[in-house]
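Residue numbering begins at 1 within each chain, and the chains themselves are lettered A, B, C, D and E in the order written.
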Amino acid sequence: MPQSITKRSKKSGLPPGTLIHIGERKTEKVRITVIDYDEEHLEEREVAQVEEVFPFRERPTVTWINIDGIHDVELMKTIGQHFGVHPLLLEDILNTEQRPKMDDHESYLFIILKMLYYTDTGEAREIEAEQVSLILGPNFVISFQEREGDVFNSVRDRIRNKKGRIRKVGSDYLAYALIDAIVDNYFMILEMIGEIIEDTEEELVTNPTPETLRTIHGLKRSMIFLRKSVWPLREVLSGLERLESPLIQESTDIYLRDLYDHTIQVIDTVENFRDMIAGMLDIYLSSLSNKMNEIMKVLTIIATIFIPLTYIVGIYGMNFEYMPELGWRWGYPAVWLLMGAILISMVLYFRRRRWL
Amino acid sequence: MPQSITKRSKKSGLPPGTLIHIGERKTEKVRITVIDYDEEHLEEREVAQVEEVFPFRERPTVTWINIDGIHDVELMKTIGQHFGVHPLLLEDILNTEQRPKMDDHESYLFIILKMLYYTDTGEAREIEAEQVSLILGPNFVISFQEREGDVFNSVRDRIRNKKGRIRKVGSDYLAYALIDAIVDNYFMILEMIGEIIEDTEEELVTNPTPETLRTIHGLKRSMIFLRKSVWPLREVLSGLERLESPLIQESTDIYLRDLYDHTIQVIDTVENFRDMIAGMLDIYLSSLSNKMNEIMKVLTIIATIFIPLTYIVGIYGMNFEYMPELGWRWGYPAVWLLMGAILISMVLYFRRRRWL
Amino acid sequence: MPQSITKRSKKSGLPPGTLIHIGERKTEKVRITVIDYDEEHLEEREVAQVEEVFPFRERPTVTWINIDGIHDVELMKTIGQHFGVHPLLLEDILNTEQRPKMDDHESYLFIILKMLYYTDTGEAREIEAEQVSLILGPNFVISFQEREGDVFNSVRDRIRNKKGRIRKVGSDYLAYALIDAIVDNYFMILEMIGEIIEDTEEELVTNPTPETLRTIHGLKRSMIFLRKSVWPLREVLSGLERLESPLIQESTDIYLRDLYDHTIQVIDTVENFRDMIAGMLDIYLSSLSNKMNEIMKVLTIIATIFIPLTYIVGIYGMNFEYMPELGWRWGYPAVWLLMGAILISMVLYFRRRRWL
Amino acid sequence: MPQSITKRSKKSGLPPGTLIHIGERKTEKVRITVIDYDEEHLEEREVAQVEEVFPFRERPTVTWINIDGIHDVELMKTIGQHFGVHPLLLEDILNTEQRPKMDDHESYLFIILKMLYYTDTGEAREIEAEQVSLILGPNFVISFQEREGDVFNSVRDRIRNKKGRIRKVGSDYLAYALIDAIVDNYFMILEMIGEIIEDTEEELVTNPTPETLRTIHGLKRSMIFLRKSVWPLREVLSGLERLESPLIQESTDIYLRDLYDHTIQVIDTVENFRDMIAGMLDIYLSSLSNKMNEIMKVLTIIATIFIPLTYIVGIYGMNFEYMPELGWRWGYPAVWLLMGAILISMVLYFRRRRWL
Amino acid sequence: MPQSITKRSKKSGLPPGTLIHIGERKTEKVRITVIDYDEEHLEEREVAQVEEVFPFRERPTVTWINIDGIHDVELMKTIGQHFGVHPLLLEDILNTEQRPKMDDHESYLFIILKMLYYTDTGEAREIEAEQVSLILGPNFVISFQEREGDVFNSVRDRIRNKKGRIRKVGSDYLAYALIDAIVDNYFMILEMIGEIIEDTEEELVTNPTPETLRTIHGLKRSMIFLRKSVWPLREVLSGLERLESPLIQESTDIYLRDLYDHTIQVIDTVENFRDMIAGMLDIYLSSLSNKMNEIMKVLTIIATIFIPLTYIVGIYGMNFEYMPELGWRWGYPAVWLLMGAILISMVLYFRRRRWL
């Protein structure tokens, strides 16, 4: 699970800026799609060679180049050279263990984000992160994804169908829309986790098992994982909002502010979930203690009642020749009476202690 | 319970500014009431159509438009257009999972708050939050509530009966009065929680049960919930106080400062309650351990006394042909004496250990 | 106990500035005393009517008006009007659940503090807080107390006996002296708590009981209570020190700095006590577990020794017709030898495990 | 132990600046020594009357006046008057419960520090603090200690033997050297605590006893105590470093920076120790639970094996007239076989559960 | 283990700037190697006398002097005098217990870092730190290591083989490359720890033993140790990045920024690991309680079933003369029936309680 660092060692010792793909090869073939639009025109196509996208850069229209699959190092170099991206940034794109961040390189902004996927394979429920890198230039946005995903489809639809403002405004709004799609996706993840929390709380009250503990522990790990993706996002967005850059138009500011509010909401929810999960662990431990008390009570009641009785019958099982009681006519019934009296007083004692 | 995120997914993938109501439909019919006043005049009425409130905007008097029920998206759009409210803000009003916040839009201030209700259905005691949005313009305040509530009634009474300064001053004081009513309501909630804490502490000392744990856990959750509503409120109020806006007159500042002090007091109390509840959990766990110790003591005393005695009587229950003791005249009484001696020494031992 | 909010609801819904006394009526009759002094003259008297104190305001001498009992709302209004105190501040004086704070109103400073009393009724030891409000004007100080207290007596004595600088300097030094008396009092409270902590630690080591837990819990609550009073005091004093106000002379600054240092010392001690008390709880819980281990050891030793022995004697208590051992001449002594051997090996086993 | 506040009450109610010695009278006779030096000359002597030191002040050489014992209030007053020290500072020197601090009084700097002593009386190991106050003037340093200590001896030696720069530079370097000696001493204390931690960890693994818990608790208390002395020291030193005062020459800055680094190192170590000690408590508690599990296993194995066997032999101890098994020729060996089978299956069961 | 302070006492009492080696003598012979290069030329050699390296300083090429072994105090002095290094810094180099830091001395930068080694001796897995000091001058870098290490080999290779930018740029980039090699090494350490965490989690779920606890505790200590090395590094790097020094060229800034990001990533991972390890302890404790519950259940089931049965057979083992049941023809089978009924009802009872 602490996957976030497992493959880094591949790179160790190489000069900075060396492009090596660190991460799983999540898709076989790199897929490059271009959407070029302004208020009137829309051109959308998939290209086979990365060089085909270069002409779009010259046009005044907004161009969105989306690259699914980042393991093709040569392709990355070609893009980097054409768009003037610093080798260190290309390295960051390839290294999928990056922390979300935003760098201002004057002629373009570089943004790294984490897209989260929730997978429930039946035996294990896990949150997986995929790195999404954005390069925002004056009239283009390049997005890099580790594999083909469906989170950006809503943005594509809005562009195609002219929904909302997106066709009327520049590349900064497009970048905003993409980040917004990612943050919206966080809410979905949180909803799912919220449901698991609810189910687990139910389970805790009715029938806590070691399995429940495992679920709680898994939730805790998920929260650690989520925090790692979400907290830096906050800095990214507050950075974008405060940024004095010609790349971001003033009219986009209110959207970024809104997005920042959403991120704060995500963080709040994550922190609340953490508190809730911590509380669940306390309850689990208490329930273990409670169960133990119940078990011990049963044992103690049984033992405390029967051990003295067994002692008494043991007495009259002794084989002494001179045991006058044994010869008494009412000896046997008297012993029964004695035992009955002991039983009743024991029961009363436990009642008083509220054990019964 | 982690309701705060449950219905958000409805919106996922839509362009920002799309108006969709997120939340429960808390009231069937949207109810719009207008109170228009200055020092001399007062006009109060309920309108059927939202358009009826527009003329009030032109008058120099203070107009308070209160809208109970926010699920009528068309109505919201009409208001938004007339009063020049940004679609993103309308979206915030409709999405009842917002965090309290204050935005300055020059021609108006936009404030989101949480009104809290405490419901005790007998089987479950819960705090529910309702979102209240305020738009403060130069001579009007529009308030949006999810359902008809009675928290603002005190403000209405003061306007009707000319109590206090409210009729003499502007819309900023009205907005203050509404926020004040909400914060005052928090104290009521805290008082109720304070009483539950007191009762639970009493219970903890006298007779802690798993039910007590459940109450403690519920209190903890309530505190998580309260924090979420109250902490951002602090920022809202300190923002309002520091705000350099022509919408807030200088004479209102002292009231906002007072309100800020109240919010700090609420936060202090919430934090103190949290500390107290954490302490209660410790006590609960200790009491479980104490109980276990008590149970084990009983078991151990009984077992430790009777097991050796049973062993002794077992010895003389053996059927060996050559057991001289069995034939002794005083064998039986001697065994009784022996057992009595063991009993006494055991009791003394437990005394010395302070178990009896 | 969470008394700090219990009576607030009385006020709910009233316009701000409405004077209502919130708190216990701690004294029957309001008592107003005036001390008017400069380096040469001293006039001290108790007045029946509040109006009698007004002439003092015109004199160049320093006037200290002390009001014990704040439940007389009319009297408060009269003072407020004469001295030009804002209704919201009067409200704060009457509402004894205020947080310590300092407000600068240009012509006067308004300070709220908490005076602490430690009450030990035998069955319960509690810290109670009383609100003290100070109004510091150019040549007067008005102090409001909930009931007659003796904490200010030392200041009175110093004025009467010309001890220290107090008679040579202005009203700001008088205000300082009063706050200093309150902070000095905190050290007394902390000393008492320190002693209880010491006693409880002793008890923890020698003989921890559920009663000890109760004491620890009580100490924890006291710390929560103290923090609430002391932390805001720090802000009050750092505010006073940094204040650019003609009301505070430069020569008083060093005294305020000294007072600030004392407050930091109080806070440090409170935080240290908190840490100590947290440690005590850990010890208590460990001692419970230790005790349990001791109990279980006793039970286990007894059971483990006697259960096998009882089994053996049970064997020879069987009534089979063909049990050759029963007829053996040395069968009975052989069983004794066997049992002795088992006993010794058990004891050796427990020795090796360090249970004996 | 919470000694830091125990004697403060002596002062309560007195005007500020009243000189009263608060603390133990650690030495009988106040001892005043003077060392006066420049690069060529060195004069060292012990004076009987404090007035003898005054002439040194006029000389251009550096004068170090060291006063062991601060309970002679008259002497303090004389010094204060001659050197122009504010009464509040004299009060701070006498009150040994001060927090480390640094005050800039333009013509002199006033510094309070804590010197730590580690005492191991065999039955209790404790850290004791002694207050050291320094007054740094243009060409003199006055140091006040509660009792004669040996920590400053190294500085004395360096002055006497012209070791290092000390004889070539001014009084600021002397003050630095004294503080450095105190901080160096902290490292000694930390080394000793480090050794105790190591020993205790060893003990925890091999044979944890309630005594171990007591040691852990003691370490925790020591850390609370150390923090109290060390954290404020950091502020003192960063204050000294940033100070724009003619009393501190620029060439001393690098030494103060170095000293600051050492203090950070001390704080780091204290915090690490705290973390380690917290971890030790967890281990202790786990080891208690582990022990309990071991005890319970032994009991359960014994009881689970012998209770059923005892039941079986009990059956054939019944005295029914018609019990055919009793008359069987192989009845007795058959019971042995049965019991052997039970024993083996039990052992196998415990093996599978890894209890044996 | 708290080695970080153990040998410091050697220095106590000496004047600051006295050169004493504090730390283990990790290598016998000090080894000095020089690499001098520019884009065209490369000279690499090992020198016997430190004086041989001085001529390199005059050349315009970049000179990297690497010194393995720092215990030769005389050598350090010679270097210090030649390169104008302040004695306090030499002291820092020799004292291997320094905290990572960066000091700007105008003509050179002084940087202290920690290189980490992970050693797994089979019986103990530990992280060891070695101090690396760098002096960065206008055209030289001097690096001090405690012993010969292989972490810098990758940098050497890049210089030799002209890989990347290193041969084209100045000494600042060389310093960056060295720090980068150290930070890259941290990722290796973290990967190894990540694997141990994974294994331990696996172990926790399948078969937790006291050994597991020891591993968790060891991990915790490693984290404390790592934090100590990594957190100050962050300040070092953010300091370097913000530094306005002619020693650092603008083109290197982006590399420092990248390095800073890596450090943040290391810190994030360390903090996540801490959270995970804390969670593992909770699981361990829960699993102890669970085990105890299992053990107690077994005991209770056995005892609760057989104790009553043993009691019954005890009854009919009594020797009363008048016990009618004993003479009954079907008495014995009836007892069996009774015992069977008890057994079945017990089993049903445990089933209902979900114990079976």
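Just so it is clear, a residue touches a chain if its C-beta (ideal position, glycine included) is under 8 Å from a C-beta of that chain, and two chains touch if they have at least 3 such contacts.
Because the structure is a prediction, the values reported are computed rather than measured.
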In this assembly, which chains make contact with chain C and also with chain D? none
Cα superposition of chain B onto its copy chain E, rotation angle rounded to the nearest 5 degrees, comes out at 145
Can you give the whole-Å distance between the Cα centres of chain B and chain D? 42
CA centre of chain B versus CA centre of chain C: separation in Å? 26
Of all the residues in chain D, which ones touch at least 2 other chains? 285, 289, 292, 296, 299, 303, 307, 310, 314, 317-319, 323
What is the order of the chains around the ring when you begin with chain A and head toward chain B? A, B, C, D, E
Once bound in the complex, which stretches of chain C touch chain B? 1-2, 4-6, 8-9, 11-18, 86, 88, 92, 97-99, 101, 103, 207, 210, 213-214, 217, 220-221, 224, 228, 281, 284-285, 288-289, 291-292, 295-296, 298-299, 302-303, 306-307, 309-310, 313-314, 316-319, 323, 325-332, 335
Chain A partner contacts - residues on chain E that touch it in the complex: 153-154, 157-158, 163-166, 177, 180-181, 184-185, 187-188, 190-191, 194, 197-198, 201, 205, 254-255, 257-258, 261, 264-265, 268-269, 272-273, 275-276, 279, 282-283, 285-287, 289-290, 292-293, 296-297, 299-300, 303-304, 307-308, 310-311, 314-315, 317-323, 354-355
